[in-house]
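The same chain A turns up in both complexes below, where it pairs with chain B and then with chain C.
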Partner chain A sequence: MILRRLAVSVVMLTAVSALIFVVLRLLPGDPVITRLGATPGISPATIAQLRKDAGLDDPIVVQYLSWMGGVLHGDFGRSYFNQYSVTQLIGQRLPTTIELTILSMIIAVVLAVPAALLTARRPGGVLDRALTTLSSAGMALPNFIVGVLLIVIFAVKWSVLPSRGFIPIGESLGGNLRSMLLPSLTLAIAAAPLLLRFLRASLLEVLTAPFIRTARGKGASDARVLLLHAFRNALIPAVTMLGLIVGYTLGGAVIIEYIFGLPGLGSLAVDSVTKRDYAVLQSCVLLISAMFILTTLVVDIVTGILDPRLRTGRGRG
Partner chain B sequence: MAETTTVAIQAAPRRGRPRDVVAFAAAAILAVICLGCIFAPVLAPYDPTELSPNRFAGPGWAHLLGTDELGRDLLSRIMYAGRTTIEIAGGATLVAMLLGLLWGLGAAFARGVVDDILMRLADVTMAVPQMLLALVFVAGFGASPVKLAVIVGVLLTPVTARMIRSAVLAEKAADYYLSAVACGMTRRRLVITEILPNVWAPVGVQAAINVASAVILEASLSFIGLGIQDPDISWGLLVQWGYQKLSRSLGYVAFPALAILITIWMLNLLADQLGRTDGRRSS
Partner chain C sequence: MRHRKALVAIVLAAAMALAACSSGGSGTGDTSAASTSAGDTSAAGTSEQSTAASQSAEPTDSSTTAAPQPAQGGSITVGAAQGLQQLNPAIRTFAWEEVLFPLLWNGLTKTDQQGTVVADLATSWEASDDQKTWTFHLRDGVTFSDGTPFAAQDVVDTFEYYLKPDTATQEANKIATIDSVKAADDKTVTFTLKAPNALFPSAIVWVKIMKVSALSTIDKDPIGTGPFVVKEFVPSDHLTLVRNAKYFGDPAPLDEIKIVAASDAASAASSLASGDLDILWSLPLSDVDQYKDSDKVSIVLPASPSQWPSWEVDATAPPFDNVKARQALAYAVDRQQILDAAYYGQGEISPTNNPLGTSNPWFSADGLTDYSYDLDKAKELFAEAGVKEGDTLTWWGIGGAYPEWQTSGQILQASLKQIGINLKIESNDVSTWVDKFYPAGKSYPGLIVPNFQSTPVEPAFSINFLLKGRCECNWDDQQFADAYTAAIAEPDADKRKAAWADVQKIVNEQVPVIVPLQSNVATAVAKKISGVWVEGGGQLHLETAALATS
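Here is the complex of A and B:
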């Protein structure tokens, strides 16, 4: 089952890379011209030479294969803009994005799990209604507005946390976490409501199962039933959801890194759009998509281990 | 906004009418926002480009929501900016619904290999986070309002197609559909007279969700400077400008953000209520 799932992921990644590549190549706009900008006095011969050096004259299939061949060896090519190695550029940026994603997932889980348990204790109660309304408001908040809001509160009004600027983890762990706190919180505020809603629904469903009645019949306390019996079983569908939420978070990271001035893949992607640096853009998008596909793969494998029923189910489908 | 919150809290657990109140309130608020923006040339208190020496004014009687860095009336600017936002969100939703309907219906009726190919294609596009795919398209095509509407519409299409396919498949399994097939109806007639009238609720829900997603995508792109460009204005762009002038005026960033927020919240509420109505019908 794991092998099969692995194969699907590889096919997916290949298809995604082809999609990104084709879209970027079929579009108008010449990266070489963009790079030279308005520099006067450049002969057509120079432009032709530059195009050739960048490999832009080759047939699209050859260009694609040479890009993919490089990627497989860890070589993402060179930036059209300044000839830097894309691998290096990305290598510097990748850890920030990964850290941001992990931190926001941790905060989201810390916020959503207790909230879901509280709402499931008394569905329809005051707490349940308040948290449900709060989560629907949270879902209506676009990422960048949450970011701006948090900056206004924590950086401008109270000045307790920095609004921009990034401190590398190697320099100071505390400083790094301080600079990452607001961005991760922003992303967590978007992710937590989704997780809360899903976990709540899944808990309520599990709570109607016969084994819960049995546990109650044997005299287990409400808290024990909820935590030990229901929660464990409600987790599996919620873990599946987590994979999807990581996807949203990676998309949101693009905006959040930009707002908070974090040197991650997302802000690199935004930069490369402004500069029309397709070589960097395509690799950024591919890498972030790969992270998403990898997460779903891991999530599927983990849920398969947690719940053997899912394995046979997938085998047939 | 406070009003609707209380309504939502009370309405959620009950059955029957109160829900319609929520849906009605949400629709009414959306209608006010839409009409206010569409008829901005008639309704706006000022010309959105009219300068005045009264810079960074707070909310007051002369300028209900205050003014920006050039003394332009913020309420008028938000109303005019809303027109761009509505144009893009509306256009994008139209594109997404039309393409999604074709894609979803095609997959549901073709079944077999064609269905597989169409749905795997949707999977692949959905494996790239929407915002990043948006960057790829914007990088290539640029970002005039019309292009943005098409780009955002295309981005929303795969999700829409998936949803429509599953709604159509559910109807195709129903007895009434089988009897229609048994009556020898042509495929076109089956789609028009049997399927479409019965999937309007999930399609409506999806449309509401699409409008909300389109507003968010457009605002996000404009906020990071890759969407609507000066001299055009949209809500996302206003938030960006307000954000840059944060130290001078809080309202400049807050009011456009609030416009986006209320719009999306109401759309979500409306989609929720529509979805529940549908659930009641089928059960």
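Here is the complex of A and C:
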């Protein structure tokens, strides 16, 4: 089953790469012109030579095949704007993106799961209404507002956390966590409400199921019913949702990277679009797609473990 | 018990939300105003940013220079809306890359804070009487950052690299006049020029001497002679520089300079307030006023702004192939309103539509037409050029970045509307924008393309943009070319001023580009830092920056 999923993933990635390759080249402009930045007095012969050196003269199919050929050998090409290979550029930025995604997901889960359990205990109660309102606010506020607000409070007013920059784990673990706290919190404030609402709805649904009544009838305490019986079953759809939220977070990360001055993949990708830095963007898109596909794969495996009914090929009558 | 804990949590959360909302009120202002520059402010830093002679570019805010006792050592963080993407000075694209010129490199000559051309790697120089042969004597005891000695051959290699046709350098215009460069001995270099050039020492200020044999790794390990060397580089994100122990001059006061991308203007302003950023270059002009009374931050401006918006039109395609249409457009520009509303008063208007600002020492108003806002004249001239009521022109701008362009376009749109001409405003991304009119020679009838030039105060390196094949306006005027050649060949300053006056007359009459004003480049500098200054074109100088002792 995993093998089949992987095969489908490879086909999807190829399609995505071909699509982005073609679309990028349909846009006006090219990296050579952008690189020159309207430098006056450049002769057309020089521009033609620079295009030729960059391989932009070849037919688009040839360009694509040569790039894909490189990718298969682990060579993702080079930036048109400096001497760094795409692998190096991405390597400089991948750790930030991965750490940001993981930390924000952990914070989102830590915020959302207890909140969902509290709200589901007494639907319609004061607690429920307060938390649901708060979560609406969290969803409604755009990332860039939340980010700037957190900076104003924690960095400018209280001076307890840095407002920008990234400190690698290798340099200082404490410094790293301090630099990542505000950006992760910003992303989590957007992601947690989604998870909370989904988990709450799914808990409420499970709580009406006959087996819950049975459990209660057997004399199990409220807490036991909620945590052991209802929560475990409500978790399955929520984990699927979490996979989608990771994808959503990867998208929102671009703005967060700009606000907090983090060297991540998102800002690298956006910079590459405006500069038409083809090889860099293609590889970023490929990588982000691969990360998304990988996440959904992991989610499927996890839900399979949580719920034996979803496992295929190992049916139990 | 659990209940109470939850309640406490909610009260806390609500309090935080309230606090967030209340500070949100004051915060929103900068967010919206500033977020416009969150995009890629980069590519349009185009232009003739060139060498030399920015006349007296000392900081206008005395508090910056007169800061408390500067100390040796320390580290500062310097931000700009865009990151640095590469380190080779020869092929720089974006104006911000010039911040590295005085930090990593040296030229044979350089300009000081007063705009005077002074010695750098050369200690003295002389010209032949015909201004065609220039000899430079080099400094002793200079070593590159890798420890190898600097010699005349390095100068020859560097200039030959800059002169190669496939080196796409913005310096090409200024050094095109070089016929040959030779090392007479280890410490002497001789240049032979194709035409007389009395300004040659200022033409080569931005030709930075490098180890050409190390070019292939220049983005990873640049080898120069400047006061700093590279410690770490993540392209488009940050560059960390540390003091160069082998520097031949006075050691730099700072241990470390970190240059970072601060792409989001709202959060950059907050970082400045929290002290996570010490310097922020090229502030959004709308933000400059808010630092007027700040006790932490001062604004450093160039003494004589020589950055200027240049609105280009195609002088070879209708309607702007007719000089009357260009003059009409010059009259239709409400310069004062554009300065006030689009540039927040940061600059000075140019009523004579002149690349040289009114505070430029070479400026001459003598005999120039005043193109102050006059819609009647604009209408009349447009009619003579065949632009009728109901016709449509297009404003070909960039979206996301440069809010001042957008506002300028809207003001022009309102003005033209009054005389029955429509202006369609188009906003593009940088690559789409540049592809329409660049390189010179492209036809773009009916388009008005906003751009800007950050030039030195010296006219030779601002007005040369209008020479044939350089300006995308495609203007070709032999009389102008002759007057320009005569001006740069004149060694006597008084006579040269008269020659530049002739050049200005032709430009004023022919209106090859629209120049509404000269604009400021504003830099926010924390008050604890001294020794920071900005050239007229906006180039930031950090080589003498120091932290206060306290």
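Throughout what follows, the second predicted complex is superposed on the first by the 303 of 317 C-alpha atoms of A that agree within 3 Å, B and C clash if a C-alpha of one lies under 4 Å from a C-alpha of the other, contacts with A are read in each partner's own complex, and residues count from 1 in each chain.
One rule holds for everything that comes next: a residue touches a chain if its C-beta (ideal position, glycine included) is under 8 Å from a C-beta of that chain, and two chains touch if they have at least 3 such contacts.
Model, not experiment: these values are computed from the prediction.
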Which of chain B and chain C A:Arg276 touches, first, second, both or neither: both
Partner contacting more residues of chain A (chain B vs chain C): C
First, second, both or neither for A:Val152, with chain B first and chain C second: both
Touched partner set for A:Gly165, first chain B, second chain C, both or neither: second
Which superposed partner A:Gln49 touches (first chain B, second chain C, both, neither): second
Partner chain(s) touched by A:Ala137 [first = chain B, second = chain C, both, neither]: both
Which of chain B and chain C A:Ser79 touches, first, second, both or neither: second
Touched partner set for A:Ala192, first chain B, second chain C, both or neither: neither
Touched partner set for A:Ile288, first chain B, second chain C, both or neither: first
Which of chain B and chain C A:Gly261 touches, first, second, both or neither: second
Footprint overlap on chain A, comparing chain B with chain C: 27-29, 130, 137, 144-145, 148-149, 151-152, 156, 255, 258, 270, 273-274, 276
Footprint of chain A on chain C - complex, ascending: 6-7, 10, 13-14, 17, 19-20, 23-24, 27-28, 31, 35, 38-40, 42-48, 77, 79, 83, 85-87, 91, 93-94, 165-166, 168-170, 172-173, 176, 216-220, 234-238, 260-264, 266-268, 270-271, 273-277, 429-432, 434-436, 438-441, 451, 465, 467, 469-472
Chain A to chain B touching residues, read off their complex: 12, 15-16, 19-20, 23-24, 26-29, 124, 129-130, 132-133, 136-137, 139-145, 148-149, 151-152, 156, 247-248, 250-252, 254-255, 258, 269-270, 272-274, 276, 278, 281-282, 284-285, 288-289, 292-293
Residues of chain A touching chain C in the complex: 27-30, 33-47, 49-50, 53, 79, 81-84, 89, 92-93, 118, 127, 130-131, 134, 137, 144-149, 151-153, 155-157, 159, 162-165, 255, 258-261, 263, 267-268, 270-271, 273-276
Complex contact set, residues of chain B against chain A: 5, 8-9, 12-13, 120, 123-125, 127-133, 135-141, 212, 216, 219-220, 223-226, 236, 239, 243, 246-247, 250, 253, 257, 260-261, 264-265, 268-269, 272
